[in-house]
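Same chain, two partners: chain A is paired with chain B first, then with chain C.
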Partner chain A sequence: MNGLSYQAQKRIILLCFMSVPLALLALFTFYPAVKLVWMSFTDWDGLEANPTWIGFANFVEVFTNRDLFGVFLNQIPYAVVGIVQNAIAIVFAVILNSKLRGRNGFRVLMFLPFIMNAVAVAFMFQYVFDTTNGSLNILLGAIGLDGLAKTSWLGNTSLVNFSLASISMWRFLGYNMVIYLGALQSIPADMYEAAEIDGAGRWQKLVRLTLPNLTKIIQLNMFLTLSGALAVFDLPFVLTKGGPAGSSETFLFKTINTAFQFNNFGLASAMSVVLLLIVVVVLALQNLVIGRGGRDA
Partner chain B sequence: MKKGLTLAAAIATLSMIATACGGSNNGDNASPSASASPSASASAAASASASASASASADPAADISGTITFLTNRTDMVDKEYVDYAKRFNEKYPNAKVEFEAITDLDKNTKVRLSSGEYPDVLLIPTIPNSDLPKYFAPLDDLGLNDKIYFSDYKSSDGKLYGISAGATTTGIVYNKKAFADAGITAIPKTLDEFYAAAEKLKAKGIVPLASNFKDQWPLYPWASEVPISIAGDKNLNNDRVNSDAPYAMDNPYGQGLTIIRTMYEKGYLEPDVNSTNWEQSKKDIASGKFGMYMLGNWVIPQVISSGTTSDNVGFFPLPYDNSGKTNVLLAPDWAYGVNKDSKHLETAKAFVKWLLEDSGFDDFAGFIPVLKDKQANMAQLTEFQSYGPTTIEAAADSEESTAVVNKAQIVKEAMVQEFVLSKDPQKVLDEYNKKWAAAKKSLAK
Partner chain C sequence: MSKAARRDPVQWLKYAVLLLASFIVLFPPYVVVVNAFKRSDEGNDPFALPHSFLHFDNFRVVVERTHLWHSFGNTVYIIALSLVGNVVLGTMMAYCLGRLEFRGKKLVLGAFLFATIVPTITTQVVVFSVIKWMGLYNSLYAPVILFIGADVIQIYIYLQFIRNIPYELDESAMMDGASLFRIYRSIIFPLLGPATATLVILKTINIYNELYIPFLYMPKSSLPVVSTSIMRFASNNQAEWGYICAIILLIMIPTVVLYLFLQRYIFSGVTNGAVKG
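Our next item is the complex of A and B:
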């Protein structure tokens, strides 16, 4: 054994240590992913030992069935609110990056919602959005907005998705903000100094200096937000069950129902694969748009 | 030296992992592994299987002995009632022992375990097609209960009985007696008009007449299934849908059932905002008399009582769905007990199922109507329910054809109730569902 060279020993050790995480990765990430793609070409019902291979039939079904693909319309509010959320997060990051009394306290307050359990948050907001006893409507009533105080936040078909999206905004705003804050702090102070010497004002510094330096991070945050908007599930599942009359159903919600309620695991797998592809497309598009915008500025 | 030691340790770790894998491969008899596994694990597996076969052969066929496991969804009974059950079962059969394993999300988890082939001796049959029952379960005909129980054909295949329901439930109006008295309702409504009149009185008193729990969707199930079946007086109503391309119409039982809840909604007899209801809170509100009624199964009665009232304040009567004065009610089975066909202690497992049905007292504990026909329900509310003289209809199992169409069309019956109630034009909702139904039926026929 001692005849081995130092290099060879090093390699063996490395291999030994890496084999465990690699094996875990292969077993719990790659194998299920491959299996998922394979299942999407079958009509597996969740129990059958030998599912039949049905080619692209599931994918055709996903794209032609308006009931399945059409629910993406319900997710537009999440994307819209997500963009607003990022804008607000940048504003808060800039504010909390300045010399403000008690800024650490504010940072913690902003970040707290993120570490709360998603389902617990959803349950909590059930009490906020309740029409008759909800704290939101009671507050609106107390400040004299009686007309608004009877709003059915989760019962109005055109409002429900915005109500739900606002919950995810509340939850992820602090998370986005912390990422922006980290990026802001990594912008060298001498650049600001130089800009000040050149006579730049606050606004110019923000638009000409801060934002261009944040481009990469904005890209990252937008990706997190948009892929999050595409994969919304927990909020409608806990709060509305897709209602009223299906207007808050999301694609992932449909996928889970297809698999576990209607026992059509093949179709559900195809839906997951499609969702994955859509995320890839959105990511590519976004890189194209933001990347080019960054260069032009 | 030190390096050599590290290397040796690393190799030892690796070989341990390899051994573990080999071991589990050996244990899984479905896939005989061709890889050479270390001798230690091979012999361990061999001895394990040897002892297993030894215990199997030492088990005389007719004797009730050995330890069996019961997979249950009643996590709340573990360490409480089940301790007593185990003791009493052991008293009756001194050589036999029973252990309990409680899981949540019973249906999904049991299916996974069935498909893996590793499932306990006695379990609750999940929602699988009846034709698949012989693959997993042992026939229970030799228990001699077939003529004595309800639902003897509910979980059967090819004339053999594979599952016996733990108890029966029925659906009707659960009401707060004090709320009814306060509103001046002196007699239980026997016709639909009287029912609406009672709701009006409750409303006038400031009580929400019927807690629909509309938003939570699932509590709406009676309106799309139990009520139409009762109206039709035909237990095969849901299954016969496969014979039609347009099973839903305003003037057939489905439309009639749905119209009742829609009328309740239009007249303001449901919660003030049906899209903002809260199931847990509603139980307390029924108990306190803030809400008047539920249209649900009798399983909800114990939950209402434990939410803050006494049993004598909660009543139960059949929903009068028309003005004839006569009512049909549907008797539906709860989860069915099944016995693993590969159980090592098959006779013990069967004996335990019989014991559960006859001696355990679980049906009374759970508020079920006993599945044994000659056994009386102990619950006061069920006695009251029976005193109104409804005609009972035993539920039929969902046929594979109708389930296949429902799954293909992705019809959630409770969602249909929601859409029907909220829509401006209910006929359009039915048309939409008929369209889905016909399309799914056509694509399956191909």
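Our next item is the complex of A and C:
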């Protein structure tokens, strides 16, 4: 290759280095995205080569069938718990960013759940939440809360989604915290020194200095939390199979079942398109908010 | 800590909150650890210590029934192949986008950006038929190609990193007459080492924890990975807590050990990855 000019080398390198990644990108992102939209207007069963065009019928079905669009209600607890989770994560990040003995140990410990195998974590909590032998109810009984100690955490239709959401809080709080901590540590120390010289107290430094510097990262985390809440799948899939009585089903759970159990790939495509659009709208709204925040500042 | 700080009530409050959080983090794993060593006749108290921590029967039964070594083998194989693909293709792509000027570069960057916005899981309905068409359904290579092709976060980690490698290194190598391929192989690739280390660790943990892709693309029971084998076992052995705790513990140990030894890389990867957005 040494004999060639750099111009010629560049062409060869570009061709060789980029063709495989671009082919994979086309095959697993662009082709599926386009085909998904196309199939959402058909009665595709996943096998048939020439499905029939049925217009907007699938979308009408998605929005009018309460069993389909209505399951988003089950996902509200995940969003609520997710917001609480971010608030707590900020508190812990602020605590661990202060002078404190053993703070690295606490950071390591709180991040630990994030790296544990998700399925193993799910079954670990099945034991925690078990009604008769579960460690949570036995703990509640031991500290005298007998009234609570008989709770069926995963069997009660109004509780189940909060129980499942608290598992994902247990897993992801430390992850959020580490991101916030990284953002806090990038705030220059002399800003705090200047504030102290101006006589700012602990509370003033937190509200006037720390939180404003976190705005962007809070928005990023909120987007991750919300899109995560929209796409909940594995916890109900592993632990409750959507029960009791369908109360822990999620939209993605429904989508997967519609496709792979009922072979209604056309309807499932329409559901995927709807979910995709909602995620894009959330992202666009967030960008709009960040853009506006930038202009105000 | 100064004397004043030691008397500060806020300082005590901080420790109280941290200790409570530590309790919540450690409570479920504690129950798993003690119960993994218990015989079925050791009573119903989930907090009591087992009679002996040398009682390995639960582990033996679980490993035999689930063919757990086979699952670990498959998982490691998938991780290794995916990582090789990710590192080779990721560094190549970063070299082209970070070092070479060409027409359509913005378009290529935009295409990768689009890929990070579309949640992979929403397109599975169609990706499934692509995998079938490629003849990879029920094969170890289905997850491998999906982990290489559908998750493109490595491009961003490398691109961010390559900007900090001074271009003078490339220029002086060119003056010595080195080919572009040689520059990639002998300068860029080695200097991307720290980014590769971060990527390898984060991806290893991600792939190890992934349930959905192996479940969907390798349903054949002779192709278990750790996530699918624990799922099958726990569903078929409801409420046999001794066994379930044993398999949970066995499956959790590898990533926990990896984490405790390599936490520096993990934290830097998580922080950088997020700040990028």
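Rule of thumb we're sticking to: the second predicted complex is superposed on the first by the 269 of 297 C-alpha atoms of A that agree within 3 Å, B and C clash if a C-alpha of one lies under 4 Å from a C-alpha of the other, contacts with A are read in each partner's own complex, and residues count from 1 in each chain.
Just so we're on the same page, contacts are C-beta pairs under 8 Å (C-beta built on N, C-alpha and C of every residue); 3 or more make two chains touch, one makes a residue touch a chain.
Keep in mind that what you see is a predicted model, and the values were worked out from it rather than measured.
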| item | value |
| --- | --- |
| Three-chain arrangement built on chain A, chain B and chain C clash or fit | clash |
| First, second, both or neither for A:Phe262, with chain B first and chain C second | first |
| Residue contacts on chain A - larger count, chain B or chain C | C |
| Which of chain B and chain C A:Asn161 touches, first, second, both or neither | neither |
| First, second, both or neither for A:Phe233, with chain B first and chain C second | second |
| Which of chain B and chain C A:Gln85 touches, first, second, both or neither | neither |
| Partner chain(s) touched by A:Ser135 [first = chain B, second = chain C, both, neither] | second |
| Which of chain B and chain C A:Ala245 touches, first, second, both or neither | first |
| Contacts of A:Asn74 with chain B and chain C, given as first, second, both or neither | neither |
| Partner chain in contact with A:Gln126 - chain B first, chain C second, else both or neither | both |
| Which of chain B and chain C A:Val20 touches, first, second, both or neither | both |
| When the two complexes are fitted on chain A, the stretch of chain B hitting chain C, from 98-106, 134-142 or 314-322 | 98-106 |
| Set of chain A residues, in rising order, touched by both chain B and chain C | 1-2, 9, 13, 17, 20, 46, 126, 130, 134, 260 |
| Parts of chain A lying in touch with chain C, wherever the complex brings them together | 1-2, 4, 6, 9-10, 13-14, 17-18, 20-22, 24-25, 27-33, 35-36, 39, 46, 91-92, 95, 98-101, 106-113, 115-120, 123-128, 130, 133-135, 138-139, 170, 174-175, 178-179, 181-183, 186, 202, 217, 220-221, 227, 231, 233-234, 238, 252, 255-256, 259-260, 265, 268-269, 272, 275-276, 279-280, 283 |
| Residue numbers on chain B that touch chain A, as the complex places them | 3-4, 6-8, 10-11, 13-14, 17, 108, 111, 114-115, 128, 132, 215-218, 272-276, 278, 406-408, 410, 412, 415, 418-419, 422-423, 436 |
| Chain B partner contacts - residues on chain A that touch it in the complex | 1-2, 9, 12-13, 16-17, 19-20, 23, 46-47, 49, 67, 126, 129-132, 134, 152-156, 240-246, 257-258, 260-264 |
| Residues of chain C that touch chain A when the two form their complex | 1, 5, 10-11, 14-15, 17-18, 21-22, 24-29, 31-32, 35, 44-47, 89, 92-93, 95-96, 100, 102, 108, 111-112, 114-115, 117-119, 121-130, 145-146, 148-150, 152, 155, 174, 177, 179-182, 184, 205, 208-209, 211-212, 216, 226-227, 230-231, 234, 239, 241, 244-245, 247-248, 251-252, 255-256, 258-260, 263, 266-267, 270-271, 274-275, 277 |
